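Written out below as structure tokens is the structure these notes cover.
To keep things simple, chains are lettered A, B, C, D, E and F as they appear, and every chain counts its residues starting from 1.
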């Protein structure tokens, strides 16, 4: 188990991530990762069968920024937003001082029409480390969804 | 009201909503003389392998028996109708129904009925009960170069005749060496299955709805390419060759997508390797009624359309590469996966556009019709221009052939 | 079984459940000669403003063009039926369909079809294709003192004749000066749309179901007031004047709501200002089939009934005040908003009572009928007593006029 | 296609899916000459007690009036159809409808109509309105040894004739002294109600689907026991006596459940006390169409089947013991509750197996049939072997008697 | 970021609020506010368009008590209860020593019939301060729901 | 209110319980209880009427292990998994040094087919104590579900 103070900082990072997405401040999202950080979304079905296909995979902030560009400027979809819930945090310190964590997440999607539905549940498998500026950032965030299904489309990162 | 001739060009919207039509389609199309994508040969690697899937709403199992032979079976116990196989895939020696333990061989033959002879000769099945009459109902299979197709109808044409020469050739082109599955997507769409079937055949929408294409000049209707129809239009293909810069007469400013100031922070996403001598970079092939086979740059996938009621459809994606991919090519495929599927830069819109039609055509729309006149009213192959809805009309030709004309 | 004459007094419950009846209503009522509330003039402040809404299940757009003129359009692309406008409101220069980019002027005229002429003259629309034939289908509008009504039918009477003299007068009374929207509510009710339509016309329930009224002696059936019907009962109003203390002969102890010991910790909620010379404090006006216009003290709102299947209905509230409200009056309206809407002390019960009827009338109820005999069987205005269901019978008169008699 | 004679042996699967059949069942079975479990006498302990439940989709109230007499009433206000009682149970002096305050006596008689006489004689109900004509519609009740049955039909046989001699005897056996409710389960099953009705009558599945039985040799088809049918098969019972070790001719290896290495870490779960002289340890009794009465060791329960559409069914469990249970016996019942209900080791599978049939019989299955030939095609009591589907065929005999033959 | 100890006290206040509503101890609810505290519920639709209309608005404990009276004594509805989940807590100290926080919430509604549904998601925008008795209380709690819709009715405060 | 350090340890126990179930490591589940610990699942309907019937009741680890055996080896059901969320933690120290806590839970169930639904909400009513090995364990965990209904079946403990 990691120190209480480190745990608190990591949990705050998780909460900040949540607020940035749920408050539709997606431009700040890549900044939560190391410059060469990795963000991937896949399903337990693919993961359990060791199949490498991902729904989204961003290697480095550039690819994350492009996802933000797609969301804001290019792709077409009905307006909607996410609401996240987090529970089930576990952590361990790695040899290099970074922290490996797992944390369950729930995402509820609300459409502009008012329709509410559970969009995804699953867990974040993260490696978090301290960046040169002293901030904690994600070296890796792997999102594994419990369901193999995606309703309609996935444009906002989970 | 339109005359019966032009359902191909004037499609009534109520067909997308009516429950009776939906049930009629299950009978005339899905249980009819049609071939349906079930899985890939490579997904059944060894004796005992099985995969479960659907033909329309009918649950289906594909098995590989001890001799390595493939079998298609309806996934419904002959006793009282329970699903016999529940998992999406796996390995087993026998197919055993949970309810009363009726057990079937991998070829579907009924091998054991618990208490068939009763208890101490009392009860059990009647003397004239013959297990041979109660095997799992067969689904005829065709393994065409590693793609497993199935049909519920006895009179369905052989697969090559059904597909037509160009479709066969294009499948051979891609399935010329062993493939390996790299993963799956399962996408729920809130629209009638026919709206997705149209969408996949629709060359007209690709470069307009999917703004990403135009934004990055990846694929445009004005590129070289063509529309191919076989089997009187049942099966179609839309392909683009290489790349071109001329914009044709269609004012690019109308492409809401062309935004000079938009660029990719990491253009490596667009790197691709030319894999085929014909320089075709994008090819979408649709086999009537529900199979789609795609090449988009280095992404290769099968798509299966699974109807779940008049207003709901599932799309199952099977993403594959070649067994002999070098590491770099494999990485290209996986990175380009960002382009396709439910989160794909050039395909996510297909997940919602059908729903926009579904919702746009209720109420007064039940009395109106779509208009499919781009390129005229014929159903034929076209190489000189893809500003043509011939492939979509082809789908309705097939629909009419089986369901008849519904005004 | 009742004879056909008295559907007004004996309403069969199966009308609330049957899918075929629901579809018939879409055609005969919603696409029929009826006016429907769409929005307020003030919600389209400038050229390019648009609002999306519904007439029954039919999606509708209201636009204001460059000349400031309003247009009603069916929100369905003439090409293949996609919704053209998705947002609930906004500003735009043109209406562009996402699917293939067909683009329409704000008046609905088709302005551009991508690749209409094909590519280098190949493909594209046939020579006889005339864009004039493919504008968005029009919805006839009537702007009555700032309320925008729309109809899908060509033969619908002019709005004043349709409303009737008293309805017109009452709308003029409220819309005598510029209004401003203060907010919206959207409420989902699990009942047939007709149950809410009845509820809004039902003077009988108000002071009994909504116990808050009686508890605080705010509004009672025994007050002065009246029931007004116009257009043979299609349109109705129920109003109360001032306040009174006599209880009539109906024993107040029967009002489960009258609880001497219940008081408000903060009675400021009940402060209101008399805004109208006629001293009417509560007036609920219903325009057949789906528009409700309310004044409850200082709360002013339009309510639109949007059917979404035999068992589901949405109610859209538009809450407004006057542009020249002084600060205190504006605060009164907003505080009194606690009385209305989905969380309103005197209206929340309407959100569930229709569901209680929906669930109460299934099974054996499909063979039974409601009884609407309070005040007799006539449909007429009544000023001497509101212990009368004339206004509810009026709704069924309109229903029968359009749908015919369904026994 | 099967001839009409053998619907008992060859049941068409479309009956599980068709909405028109479902509605027909509501009329012919649930509103027909059938008795339905409503509640237990002990759940209405005192004057004013009421319980709400269902007969099919029809909402029902059972009340105990001031004289202690029980009354069955349709839970639908005679005015406009709202549910009159909302809570699942409670105490009240009168049944008052929330909508307009019509108030009923506990025997259903209409006692008060607010504003019946109008206000100062104006409005109100017409002179010929007679409250006697507007009581809550009666549900005929039968209190058979503490089990309250209800029927909506006037011509339903008296309960003893309906049940038949063996059914009566078995109920008397269990209800020979005062019972007390220990708790409830409410289970949602995604299948047609008939699939659960079959399941409860199905002696064939118990020891195969419910692997727990065989694993721990608790209850096996090869034990002593029998199948009893009364009323031409409408009502049936399946019971086992004591225990036996011989496995009969059915190879135990086929029982996927027999796993030598599986044991209970805490075998106290299996402790039970022999309560009945006949040494019957498991008895499942089914009263057509929707009532199930169970004894599984020391667990006693009533199960009520509540249809909620062609593909959804609720199962309501009422778990009881005797008022004079000693503490140890009461604890045995509660510990054994781990065996039954939605989480029961020997019953949880019933919650999903119907859904597996529902999903297994769509699509092409709509043209196929179940085969119920175990033990022949007769509907009769059998004591020599329970390898027999006579009790399931009995259900279809009852179904055909009321609904007619649907091919 | 506020001190850890203050953060813990504010989070406890959030959890107490949750328990009071989910345990149907609504009589205690007004006590979580300052005597002149403000409680408002509105939708993102109204909020985003700067429209002042609220679903519920209580200025002072009196109006909150009246909502409790309506719920217990006056208004009519089918029995149901809420279940809350909280995630995404952020806070900042204000000049006057009070704390401004935002926290996401999810409310699941269960009807007496057993029906379960997501009733609302959104965020609490709060100002919390220390009352004369040393307790932390809400000066303001503004509830903004993601969906513009209300299913059936809203009688229990969110 | 219990000491912060104890609260943190109890919350970690809750999170570990969650992860063990959501990660399908059910074999570890009985170890979170005292050897003679009690686990019960019932509905508010039964609880409110003081009816003793439970959906599951395990007295001692043996009965819990048997539930795991049923899940892994004996009972038959469609593959599915749970996702938990926790909120609304309250605690009090008991005379004997053990801790009584209540905490709200939400369980989302995902079927192998991809179907997602809210399976249950409710609260955990726990008594937690320090075991001989210094670990905190449950002396009692009573799960009370808000809904009286169970969808299909209950085989994985809540």
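Simple rule for what comes next: contacts are C-beta pairs under 8 Å (C-beta built on N, C-alpha and C of every residue); 3 or more make two chains touch, one makes a residue touch a chain.
Just so it is clear, the structure is predicted and the values come from calculations on it, not from any experiment.
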item: Both-way neighbours, i.e. chains that touch chain D and touch chain B; value: C, F
item: For chain C and chain E, chains touching each; value: A, D
item: Chain whose Cα centroid lies at the greatest distance from that of chain C; value: F
item: Euclidean distance of C-alpha centroids - chain A vs chain B, Å; value: 31
item: CA centroid of chain C to CA centroid of chain F, Å; value: 49
item: Centroid distance [mean C-alpha coordinates] between chain F and chain A, Å; value: 28
item: Shared-contact residues (touching 2 or more other chains) in chain A; value: 76, 78, 85-87, 106, 112, 114, 118, 148-149
item: Multi-partner residues of chain C (each touching 2 or more other chains); value: 86, 88, 98, 186, 188, 209, 349, 356
item: Pairs of chains found to touch, sorted by chain label; value: A-B, A-C, A-E, A-F, B-C, B-D, B-F, C-D, C-E, D-E, D-F, E-F
item: Chain F residues touching chain B - in the complex, by the definition given at the top; value: 76, 78-79, 112, 114
item: Footprint of chain C on chain B - complex, ascending; value: 13, 198, 204-205, 208-209, 221-222, 248-250, 254-256, 349, 353, 356-357, 359-368, 370-377, 382, 384-388
item: Chain A-facing residues of chain F, complex; value: 8, 12, 15-16, 18-19, 22, 81, 83-87, 106, 108, 110, 112-118
item: In the complex with chain F, residue positions of chain B that touch it; value: 86-88, 98, 186, 188
item: Touching residues on chain D, where the partner in the complex is chain C; value: 23, 26-27, 30-31, 54-59, 74-84, 86, 96, 98-101, 103, 112, 114-115, 117-120, 122-126, 129, 134, 137, 152
